[in-house]
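Next come two complexes, and both contain chain A; in the first it sits with chain B, in the second with chain C.
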Partner chain A sequence: MDIDLNALLETYRKNPFEDHVLQSVHTGIITFKVQEDQEVHGPEGKWHQKPGTLLYQLERENNIKKIYSPCSGTIIDLRRDLNGSFTEAGVDLMSIRHRLDKDEVIDRILRDVLILFTAPQRARYLLSPEFAVKIEKQGQPSIQPGDEPIIMSLMKRDTNLVYSSTPGVIYKVYFQQGALVEEGAPLLGICQEENLSYIQQVVNKIKTEWE
Partner chain B sequence: MPAKDKTMMDSGKLITQLYDRATYLIDIKKSQDWGNIGDILKNLHQVRQSIFDLDEQVVFEQLEQLDAQISDLEGRLARSITPADVVNIVRSPQRFTLMDVLENVYDSFTELGGSGDCNVDPAMVAARATVSRRVKDKLYTHQIMVIGHEKGRGEEFRNGGCARPWGNDKALRYMHTAETEGIPIHFYIFTPGSYPIEDYPGAAQQIARNLYAMAKLRTPMISFISEGGSGGAEAIGLADMRLMASHGYYSVISPEGAAAIEGKIREGHKVPKELIEHCAAQLRMTARDNLELGTIDRVVQEPPLGAKREDYAFFRRLRYEMIRATDEVVLQAKSFRAMRTYALKMDDNDGSVEEFPVGVHWEMDRSEIRRLLELRSEKYRRMGQGFGIEEKKGLLAGLSKAKELAEAGYYELRYGLIRPHEKNVKKVISEVSSEGSTFLRKVTEPVRAMYEFVLPKTEDVRTGPMEGVERRSIFIEEWEPYVSPLANEDRTITCPNAEKSGCQDLWVPDLYGEFCGVCPTCGHHFPLEYQWYLENLFDRKTLKEFNTHIVSQNPLRFQGFDARLEKDIKKTGRRSSIITFDAGVNGIKLVGAMLFSDFRNGTVGSAEGEKFVRACDKARITRRPFLAYIHTTGGIRINEGTLGVVQMPKCTMAVREYIDSGGLYIVVYDNNSYAGPVASFLGCSPYQFAIRSSRIGFAGPRVIRETTGQDVPPDYHSAHNALKRGHIQGIWDRREFRKRLYEALVTMGGPNLYYK
Partner chain C sequence: MKERILIANRGEIAIRIMQACEALGLDHVVVYTPEDRYSMHVRMAAKAFQIASYKDPNDIFEVADHAKCTAIHPGYGFFSENFRFARRAAMRSRPVRFIGPRWEVIRDLGSKINTKKVAKDLGIPVIPGTDRPIYNEIEAEGIAEWLFLLQKEQGVTHPSILVKASAGGGGMGIEEVNHLNTFRRVYRRIQSYSKRQFGDEGVLIEQCLRDYHHLEVQLVCSQHSEISHFGTRNCTIQSTGRQKRVEVAPGFDPDYCTYPFNAQKVLERIVAYSVKMAKHVQYDNVGTWEWVVTRDGNPYLLEVNTRIQVENGISARIARIKGTDGYPNIVKEQIRVAFGDRLGYSQEDISFSGTSIELRIVAEDARRGFKPWCGAITRFAPYQADWVNVHTHIPPDLSYFIPTEYDPNLALAIIWGQNTAEAVERAHIFIKNTQIEGKDSHDQTIITNLPYLQEKLNDVLKF
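Let's turn to the complex of A and B:
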């Protein structure tokens, strides 16, 4: 077993946070609307239609732009010294320390331990009929190098994508059938057969124990 | 059964009855604190608990006491019933519903389009029914189509009588069935409002279709209103005679909704009870108010606290009133003499609701149907009239009348008499020439060449649909373009799609000047003032406003509304939210109506409705295309109550008559267009377009959330989605509005642009 999932889990347990560094989106005079250590929330609603907490305003050419929090968490490293001054684009303004929930932890761990089959370009992706049936019936079917699990649909032209990595089982499908996927985004997460039960155990452990 | 058990059963029944009466009072007052109703209920509960422990005599004595107390409270309430109480009476679960009416008013009925929960829309019920009348010793049976809302007896699937768009579509289908079969329709309105969803066919669009069809449905229609919630009620409300339950309400909006708007209550916050009661009184929604306002024809008297399910005397009264109303509608269309005789005989009937002195056949011939439609048109055109019209006096009035008559005479002569003959002659010539063209060409060609040499063809854009386009560029304008005052600001602005489409910040003078308020990257349209359209859309100096003497008023004396009207008049320099005008687009003359946002958010009241109807009539008389450009409309003006609501059927009637007489009616939506107008005189147009980035719908997101309990996506009402649902026929770019309008006029008008 070359993956030490427990160690990985332990690192997340010790530090269940992810810091999102926020940079100024463009030049302008900045006015902060939050304080250090303040709790903020991200966009809400089914379609994320309600914006998160107002973080700061950036004024350029008498145009006041309001910048809202992209995720929930606590404000850290706030550059209070920049308040009221002219700021260049891309300057670090603050970070949001976001506490990972169990689904996010599982997602991060799986991305670390699974073999990811990523999208070669921005296109629509579909499971090949053979693999769609297998996934429906078996749940986690095996996959061998040379298999064609995915169809890439671009400009009405379909191309079969060949899997060429280590043999294993399809543990997770990351995309919706027929949805547009950005280049480099994961499509399939493949797990070596001998690690399957171990990974399953860890996932179950996180699901039940993580608070 | 032993005597003791029997009396126990009777006392049990008595307790249940008293319990129902007490809870009914609580339903009406929405409180146990009113009177001593809470104590009465408590005592009733105690008697029920100890019924087998107490002596029979004692039980009856206590029940008698409670009965007297409840009767006292009922009497007290009946004497001081408020509009808010009426709303609660209508919403009480003990109130009669359509099913009770079908079972008790009609002899027999067969439900159509499904039954119970197995239904197209269980909130809307259609049924074929029979109703009979006794004349002396003879029984006459009539066939009827009954259509109405069913609130249900606690059944969730009935949706509280809120018909979905396809429920209204079902109603329309059976209206047409009745029309085909030549039987009258009885409508029963028991709805707090239409279910505000945009799914095809769409709440607003379907109500508009229903109104459009009902305006000229060739069969007598009678409606009875118990709970008339705005647009939902109108979907089956445009009838030849409108009756109303004495304890019903008919309103533009629920008192809660009005209170939330008036009090500017934020979503999710509780609306104060006092404010709801105040709004209920201000909206003048009761039967008596509506009778005074002329929005209904007659009131059907109910018991002092409203009719319940077992009020059989009321059902007999209702049956009598519905038959009588149908008789009157039919006889009015048949002859004045027959109607007068009928009225005299009914007056001699000594108030009996069991027997009719005379039998009337409800079948109508063609001429009678024509008369029926004329009467219907007159009836709705009269509604809400007389509010806000500043009549011209003396010589000015005479001149104005003479001008109108001369104009009508001229257009009748030109298009009514000469044009058809001209058309016929042209048709004959074209037929003859096509047949003998080969033979005659050799003879006619030299003559034609000579004729064209002497009298060359003049440039006329109206000669054919596309000829004008080829010969004359509409981009070449001879005047300085109007620039929005919004451009006079030195700052930048961010496009709302900047994050998604990567739009750069826009410099305001560029945006509102050169770019006409359109983001050059994503094409988002920023709102522009209505003056921009008046200046840029029509030919220079062709725009002439008319009917400026019709002004918005406060006909219901809605508290605080006068001041708001004054403020808007001062702000805009206009006196209503609609501008009606004659104008030209690249040489094509048209009549236009524009609802704009600056005045009461483009809401429609009596003055606006009247101006719209008159503009429609002007387009009909002058045989010109009619453009309704909706800069913004927030719906029907709630401060005018049902006087506002009746503008829906009234304006739809005018539109229907304009279209039927051969007119071309085009609607263009911009910014925000919602509610009543979209659900009537705008939504019924066969040619509806929208300016990009506009929103069109029935109810806004907040109302949808509060009514359906479900959230809607942010782009739910977007023009793009309206186009996908088939509500509009195209989306136009503001910069090409003039060109598109011209194209639409020549394409859809074709050679019949000035009438078919």
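Let's turn to the complex of A and C:
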């Protein structure tokens, strides 16, 4: 399981940005709180308890809902023309040009190294109660073929997904409980136990070399 | 001011509500989520607003205010049986009419638990089991043990119980337990499912009846204490997930098959019980009383659906109202009575003619546990005749991707015949001549339940 880590790092060095398009999360009267080209920051604190920069407010039924920046970066493509108007849910409002940090680069590169257990359908996914407890208690529990680590909630029906690849440990969970995941997107990143040290080397190298 | 209705639902029911509004000369607007942007309910609407979710009341009320709506029609599912939503509509600073019963009635009957209590008080038979949600595992296991013992005393050879999400509906969140030692696992699973899907982990436990038919009584009531019924329906043919697939009106037909009991008497009994309960709670809109009838002819009240039912069309299709042309439209009746209209007819003015069958066409694999099929419909060509109405939200002119967020329902076909035999024969013709084409993301051909429906047509109304 060798990867050309230097080449991968070089790719990210050349373009260390990702644009996050933000859409109105609800319907309501919108009031922007940021300007084009403004630098914003994402949530901070151990549990992300400190919200990011206030991006906009939505007023619905005389109630204000504040929407904060999910990540750091620069505001681009701001739809200033919508300010003060009734806006439907799902409308593109702005983008944040976000510079990847060290952990995010590690996360992206590890997707090329780990065995990925991907979403078979566009659906909502949950960790099975058994694996949720294991992950909480053990951090990186082992997984065997035949295990049912994930519940797929599709069209209101729950199905247990069976893991059928090589035995290993669950190194990374890529989804939030109950979140909608696109078909083919990774759900779990699994590492064979004998490769754990190699993964650690990759992580250490990125930590050292990424500024 | 002209009334304007916000249709807070999706798919075929949104279209049927839209058509009813147009027939009544009412303005309407619809809401939709991104997944539904290509649905016909959006394309047919004069005005459509995108919202985050059909379950987001704030978005819905905001659209209602922005579009100057005077009423909200909840359709079925979503907020249709949510008394808090109905109460909020009535009591907010800019009230909007909720098209459904009064919120107090929804509160009292919208929950299976309250319904059971009211029914017991009125001497209406209910299925043995809990009459309140259970949150405690030890207590739940005690009840399960009692229900298994009860069945042993009754001489039931294969006793079982049902564990249900108390806040659930539409057949979702129900599992059967055959042995007490597997109860806890199922209880925990339903509790977790219920909390996720309905926000409440309360669970109901009741005796699982076998060898029964699932019947319904359709009532239409007004705010002027008028109560009429539009007969009975038989909804026994259901998927393994207890979701209805074929419905028939009337509920039994002794001219079509024989019953081990006096079928006409049973139908009269469940209608009388339903009307009695509706009178007691001063029911004031459309509603469905759901029953199970066992082989010995005993009816048990299951629940009351305080909303328009998917299968309302078959009750309408066999009904005639004296002095009016054609058959009635129960969605129209619902809107009329919600605006305070009198019914304008009595029970004596309602007559019934023939048999109507509803086929629920769903993209699912009936041979594999009714597994939903996900993909794009490239062609939907239902058979057309003057004896069938098809309700669908699938666009006829473009490829339509079935949203994975909702049930994979494709269409409803409402078929009429002068008698049950003719209705069944016509349903067979409809299925044979209906064409549905589509592919999933792996280029596999669409799977629908049409073969299952065809097979099950032979069983309709038969015990």
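The rule is short, and it goes like this: the second predicted complex is superposed on the first by the 114 of 211 C-alpha atoms of A that agree within 3 Å, B and C clash if a C-alpha of one lies under 4 Å from a C-alpha of the other, contacts with A are read in each partner's own complex, and residues count from 1 in each chain.
Keep this in mind: contacts are C-beta pairs under 8 Å (C-beta built on N, C-alpha and C of every residue); 3 or more make two chains touch, one makes a residue touch a chain.
Remember, it's a predicted structure, so these values are computed and weren't measured experimentally.
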* Asked: For A:P186, is the partner it touches chain B (first), chain C (second), both, or none of the two (neither)?
  -> neither
* **Which partner, chain B or chain C, touches more chain A residues** => C
* Asked: Does chain B (first) or chain C (second) touch A:G73, or do both, or does neither?
  -> neither
* Looking at the overlay, what does A:E61 touch: chain B (first), chain C (second), both, or neither? -> both
* Asked: Just chain B (first), just chain C (second), both, or neither: which does A:G28 touch?
  -> second
* Considering only the touch criterion stated at the top, classify A:W47 as touching first (chain B), second (chain C), both, or neither. => first
* For chain A, which residues belong to both interfaces, chain B and chain C? -> 26, 60-63
* Asked: In the complex of these two chains, what residues of chain A are touching chain B?
  -> 26, 45-47, 49, 60-63, 65
* Please give the residue numbers of chain A that touch chain C in the complex, ascending. => 25-28, 60-63, 86, 88-91, 121-123, 126, 129, 153-159, 178, 180, 183
* Asked: Where on chain C does chain A make contact in their complex?
  -> 33-34, 49-52, 56, 58-59, 61-63, 65-66, 92-93, 172, 188, 192-193, 196-197, 241, 371-372, 374, 404-408, 441
* Structure fact -> Per the touch rule, the chain B residues reaching chain A in their complex are 489-494, 505, 507, 711, 713-714
